[in-house]
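Here the structure comes first, spelled out in structure tokens, and everything after it is commentary.
Read from first to last, the chains carry the letters A, B, C and D; within each, the first residue is number 1.
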């Protein structure tokens, strides 16, 4: 299990490749990558987080996923600080013998990360700055697990 | 949309990175990677396919996914020929504004590819060679879409 | 004349990957009966149709599908890609 | 003494990221009432508790949770990571 919270960019291709090296037993790898959308004239995004709690929350979510599905590995990388349109924000990766387990665990990680990990996004555009509002959808997405 | 059926290995990290470059509007990228498992003393796998029909079937599946979900891009790479344990067999990738669409479309692609694209796997191990049997699960997985 | 293709263990049992066949069979199932009557290796390959799939001109089809107009028919076990 | 942290627009409204507070409040909700009574910027930040979340010692908690023994309490809007 590898969990990183960092201001620096990460290399999605290199991280995916390294994760997929695995142990030769997994068979199925799923990754999710979140990118800053350049819609609406967005000039930059700032992500604030709660140092300490963030790492605890992500470890708890990854631990829950590993308890529910037979995963051989889990990766979570999430950035904070200033990001530009097109920048990678975060990624998760799951490895399992079974494709369904790898898919479900990755979706579970994303659903919980969205609503339970203490990150807040602020968008800067032509009309000024605005904190991104949480979606009701994000909270209801948890109900399926 | 990019669909490739090839005997050669592909570079999962490089393909993932290139796919994620996208157009800066997508926000969400999901990939699935299938690897040859080295379980049971497997020494190699041979994948046979039906040239012509394979490409048609994959294009139809990718087209169906694009009609059902708002995808900005789809990638399918599937190998045939001789593969060794740990080798990448195939990958799919989906890009969308919405993470749920990217996840669902990737699972849909995998479910249909498993049961509708004309590939057949033969495993070579200590007890000889055996054609992989299709799982009932794979057929019933289609019922959810 | 129709091009008949065999894949995976169907190909192995019949011993060839493809052949051109002159047939008056009306449906895929009729063609299968013709082939089974030919030789044991065909009878062995087509012993259990539930274990087989068929494609007509590279589209999945039923055994009851008419052959008229088809250029290519393929027999194979359920797919196992991915 | 308890460490109080503010994030995102809660931090911006109150104007500071953290402060140490001497309080006899029994619950998080009691602490919020104390803070609101202090100054308008607190009253503005805590105007609608349904728009806020709270963590006690870095675990999500309810506003009814007791403060006894907690070293750190944090107030913030619903998370928007991912």
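Descriptive notes on the structure:
Here is the rule we go by: a residue touches a chain if its C-beta (ideal position, glycine included) is under 8 Å from a C-beta of that chain, and two chains touch if they have at least 3 such contacts.
Everything quoted here is computed from the prediction, not taken from an experiment.
Using the contact threshold fixed earlier, the set of chains in contact with both chain B and chain D is A. Under the contact definition stated at the top, no chain borders both chain A and chain D. One finds 48 Å separating the Cα centroids of chain A and chain C.
Centre to centre, using the average C-alpha position, chain C and chain D are separated by 72 Å. Note on chain placement: the centre of chain B and the centre of chain C lie 26 Å apart, centres being C-alpha means.
Centroids built from CA atoms put chain B at 23 Å from chain A. Residue positions of chain D with contacts to 2 or more other chains are 82.
Each of the following residues of chain B touches two or more other chains: 34, 99, 110.
Chain pairs that touch, as defined above: A-B, A-D, B-C. The residues of chain A lying in touch with chain B in their complex are 11-14, 16-18, 20, 22, 24-39, 85-86, 88, 97, 99-100, 102-103, 106-107, 110, 141. Those residues of chain B that touch chain C in the shared complex are 34, 47-50, 52-53, 56-57, 78, 89-90, 110, 113-122, 131-134, 139. By the touch rule above, chain C contacts chain B in their complex via residues 5, 7-9, 11, 55, 58-60, 74, 76-82.
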